[in-house]
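Read from first to last, the chains carry the letters A, B, C and D; within each, the first residue is number 1.
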Amino acid sequence: MLILFRPDASATDEQRVVALIQESGCEAVPIPGLRRRAVAVAGNDGRVDGARFAALPGVEEIVTLTKPYRMVAREWRSDPTIIRLPGGMTVGGNPLLVVAGPCSVESETQIRRTAEAVKQAGAVALRAGAFKPRTSPYAFQGLGERGLELLAEVRRDTGLLIVTEAMDDEGLDQVARVADIIQIGARNMQNYSLLKRAGRTGKPILLKRGPTASVTEWLMSAEYVMAEGNPNVILCERGIRGADATTRNVFDLNVIPAVKQISHLPVMADPSHGTGRRALVRPMARAAVAAGADGLLIEVHVQPDQALSDGAQSLYPEQFSLLMEEVRGIAAVLDRTVAGAAAIAASPST
Amino acid sequence: MLILFRPDASATDEQRVVALIQESGCEAVPIPGLRRRAVAVAGNDGRVDGARFAALPGVEEIVTLTKPYRMVAREWRSDPTIIRLPGGMTVGGNPLLVVAGPCSVESETQIRRTAEAVKQAGAVALRAGAFKPRTSPYAFQGLGERGLELLAEVRRDTGLLIVTEAMDDEGLDQVARVADIIQIGARNMQNYSLLKRAGRTGKPILLKRGPTASVTEWLMSAEYVMAEGNPNVILCERGIRGADATTRNVFDLNVIPAVKQISHLPVMADPSHGTGRRALVRPMARAAVAAGADGLLIEVHVQPDQALSDGAQSLYPEQFSLLMEEVRGIAAVLDRTVAGAAAIAASPST
Amino acid sequence: MLILFRPDASATDEQRVVALIQESGCEAVPIPGLRRRAVAVAGNDGRVDGARFAALPGVEEIVTLTKPYRMVAREWRSDPTIIRLPGGMTVGGNPLLVVAGPCSVESETQIRRTAEAVKQAGAVALRAGAFKPRTSPYAFQGLGERGLELLAEVRRDTGLLIVTEAMDDEGLDQVARVADIIQIGARNMQNYSLLKRAGRTGKPILLKRGPTASVTEWLMSAEYVMAEGNPNVILCERGIRGADATTRNVFDLNVIPAVKQISHLPVMADPSHGTGRRALVRPMARAAVAAGADGLLIEVHVQPDQALSDGAQSLYPEQFSLLMEEVRGIAAVLDRTVAGAAAIAASPST
Amino acid sequence: MLILFRPDASATDEQRVVALIQESGCEAVPIPGLRRRAVAVAGNDGRVDGARFAALPGVEEIVTLTKPYRMVAREWRSDPTIIRLPGGMTVGGNPLLVVAGPCSVESETQIRRTAEAVKQAGAVALRAGAFKPRTSPYAFQGLGERGLELLAEVRRDTGLLIVTEAMDDEGLDQVARVADIIQIGARNMQNYSLLKRAGRTGKPILLKRGPTASVTEWLMSAEYVMAEGNPNVILCERGIRGADATTRNVFDLNVIPAVKQISHLPVMADPSHGTGRRALVRPMARAAVAAGADGLLIEVHVQPDQALSDGAQSLYPEQFSLLMEEVRGIAAVLDRTVAGAAAIAASPST
């Protein structure tokens, strides 16, 4: 941390800052030769908060030089994290993980038919919500426990891994009994109670980026999970809020290579929410893979025009099949493979 | 809802849309004379979701004409909501409610001294967090239950109303026993489980706007509370995320008059978080009152340079006293008063 | 400037950076005691660009410690700039300058009637565009030279100062012959050729903030004008782009006190563009004054429902009169006055 | 256009609106069956501006149903525009156009060596600025006319097409004599005088998206060029401003497929500005191609650590060669080619 002084700061102002640094058990090191006078705070293990200095007389600005994250960072672990999933599958290594399915479980027929369709096209995991966070209290909120039962049956019958969202403490325990990967949604990215509890399950956690979260905030939320002893965090970019209604969100693919530089955690991408429009999903799914994503989350529905939620961004199964072919082509350019049907065939059926 | 067709939409495309509207039990009314062909969906009580049509062949765009909110809206209740608080105080009527205090309860001395200082300057309510949502799992997370006990003692001894945040289900029950107003923080604005539970307490709920929430999303979160039978929701603008680091947030005062047109709920403003810098708090607190806010939330600390959180945006007690005088002056220009010491003096000490 | 190294940076990486600093004629000062290794660049008068180091092997981050602006900064001149205008009026000192008028000059009747109305309500300057930058090439682009003639006549007959926008080099010369204050619009905030030419006129320049400009970019555009020897720059906040369509823009009043800390230049506010909706103009004009603005720019039209542009945000003259009363009230709370009719009466009519 | 009424609008309010619609020569068509009363404005050829109605008593909201653009839209021309360039090259058809080069022309050696390097790697066009819009008036502003001379020589000697930026009227005429494609930079996207003048040159215009421009604003700026009779507009996404400093910009690739649905114009992408960091350029260039971009603009410098501007985002020539190989691979997955050395070899050398 550096503390920069205003040009008109007095000697007393500087001494006050130095004294406060020393009181905190750190060392105050003056920085020579800059146009503005400055002191560095040396030996700060995090206990001195820059905000304390920010509004003292004579202080112009606090520059934080250390990053707040620890376990999520490459400094802590330079090799990429490869998360092991049932059936010998992984995420974070060479093979891409493609997860597909409807926004929510709506009925037995709907979820079974969609599961078969995505499996046939090559997906190895099914995503569908039993508990749905909806902006309106009057909108369909998911089938709840019955939805989880249906997912458990589909898992048993198809071998597809199950990815589904937990919204609160109670739901988390239920979800943890069925899901292979527990999703924490964008709206709950900073629900720290939920993150801690998710950490304690030990299960792989798919952590969606909040619609306005900075990369640092997102990584700090992953840190909450890891700090509970759970290293299995998958980050997932799903679009940030933009000023232009032409697309529902701005799909911020820059963060894929940027986060992979900073962190060892796998990063997936959700072009369905990232674009909000069916016609944009295929090109942007390709783009995400080209940018280096470790996997995709794709909304697919056998009858998008009947969907109870997110129909406008759900692919038809045929579109998803075409997408899978393109994804394999682009993965090959990057010397990567796509985890596929073989993996499922070989997997134990629970 | 209107469904607009692409210029190249076929008759079949239009018939498909009309059929789907009719299947949903609504009526399809063609709109004549526009440059683009369009049908309106008449008789839709909310059960038809525009997303179903959005990606059908030939459909260009869905225009939603009805607002999703109900109970929060002026259409539902044209008079402003005036929330009654202990001690005969109110929020949402003529008198402004000024709530002040430190970011968090740090110690008995700190909270008692700050409470006395803000009371002396004219605040009628004390805000301080016992449970703190922090971006880092390693940062000070609040004193928890002990913090609530201290707040209860301060309440008893000073007559100040208590405003404090609940972060999760368990904490909510604890907070509800002590707080006169329960704060739901910005990060939890879309934590729907928490909102429902807050609704069920029946207590006044201070609902902070999320850092990127649209006005509609914010009002829908208020709707979650009201849908549980709790009409006592106070909205609070606290800054949205901006692209410029010069200020910590963009304090979006436009929403104060804008929301008051749409909704009957009281709207307060938090210039401490809205600016993030002590030197900006006074001018922007004045601005919030001038824009029509029903009250203010101000961070005050007896020793900001020793604060465990948010020190950079906390006022010294003397600054808060000056601010109170300015607030009274501006309120008078708008023919409003500021709920003051008299109210507290008259209040039962619980 | 500080250069921070990655944890895995080699000695060679550090030496390369040090050598490059020295080649540039600066000194490399290692910073001890931080968790990350770092060197400061001492003696840099601006000739060393941090970008050179940003992507060298082993370099993690460049932290710029000096601000790019010079003449606009308080460091360069600690007293506030008070710009002298014809008729003994000023902006930047105690009295607020209220400028009002229609978005564009539409006809002789319209501009004369509006001028009289705003003068009667107490405005001392008339703003109206002769050249209008419009998003569409097919929209009304202003009356051009004829508009300027009408403004010159109104000036002569009413004593009102004239504020009008220049969009390009040719127009700038024409505008400079008529205007007392030349407006550079938000879309041209970074049209550097125009800024330089505006600087060379020596006339007061009203520089609107671009809809996404950072404070630094805005001040650097003012620096372009000042670097041509023209110290008479008035900054004007007019709203930045936000993600919510509830209001046309986010009116970023935080920048008023924030800029006044950094710069000695006067700062005005334009609540008409800042809100985009007539019903929000009065509360937000009050808020701007309460936040410390040195003046207001208000759209007023005698027949807003007939306006060729911006009708939705133009006040009726009666509304403007009420606004002026409120502005005087709030100014008084801050011990400020509003430049008024007396000033005009005393002014020479050119 | 639809005009929606407030629930409490009176019959008089509605009649006032209907009368105003009729006065404007349009027809007012009531829309039955909606929850809110509404009238459609039929027969509006653009002359009625919604803003007129927006703030009338009883009016709640104006919904614009027609898009403001004409010539840029697919409705006007359904086939994609293929722009013919010297040497038989094109942009907008199957082959991708890769343009590479340094931010600015710095010296004869620098520009010649970089030109040779990018040609060898397979680029067919050289981009380099002679006139540079810089945020600071004190920063390097380009070599000006001498820079253009050097570009003309390089063009003659290498056969590379020249892409260079024009910043103002005077510079535009100079640039037009040398450039094969004239770039209008992001800061000038709404400099309408410049756009009109660029339109009149008849030359291909590369129109960068402004850092906060909506898709509609961007297309309307293209419309300004086309309205002058110049159909040769190439759109170029270069990143929008985001709230997170982790990357310089948010590279908004969603707009590539989104704009291609709306418009027939070619869309290129600039991952150098879109990311601002060298390490992100390759993955995001791949992503842009995968998303459907018609070409790339890549900053390449023989000595990025000596660059006078944008060094941090410039690739080394070797990195650019690797990128070209990846681009060819991804293009092949999409059944596209990359315009290459063969094209240049065959091209007349001016």
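By definition in this document, a contact is a pair of C-beta atoms (placed from the backbone, for glycine too) under 8 Å apart; a residue touches a chain by one contact, two chains touch by 3 or more.
Note that this is a predicted model, so its numbers are computed, not measured.
The chain with its Cα centroid farthest from the Cα centroid of chain D is B. Between the chain pairs A-D and C-D, more C-beta pairs are in contact across C-D. Per-chain CA centroids place chain A at a distance of 39 Å from chain C. For this pair, chain C with chain D, the centres built from the Cα atoms lie 27 Å apart. A straight line joining the Cα centres of chain A and chain D is 31 Å long. Among the residues of chain A, those in touch with two or more other chains are 212, 216, 241-243, 277, 279. Looking at the complex, you find that chain D touches chain B at residues 2, 4, 7-8, 27, 29, 31-36, 38, 40, 42-44, 63, 65-66, 75, 78, 241-243, 245. Contact residues of chain B toward chain A in the complex are 20, 46, 49-56, 62, 68, 70, 133-138, 167-171, 187-188, 190-194, 196, 210-212, 216-217, 220, 223-224, 227, 241, 277-279, 304-313. Those residues of chain A that touch chain D in the complex are listed here as 212, 214-216, 240, 242-244, 246-247, 249-258, 261, 274-275, 277, 279-280, 283-284, 286-292, 326, 329-330, 332-334.
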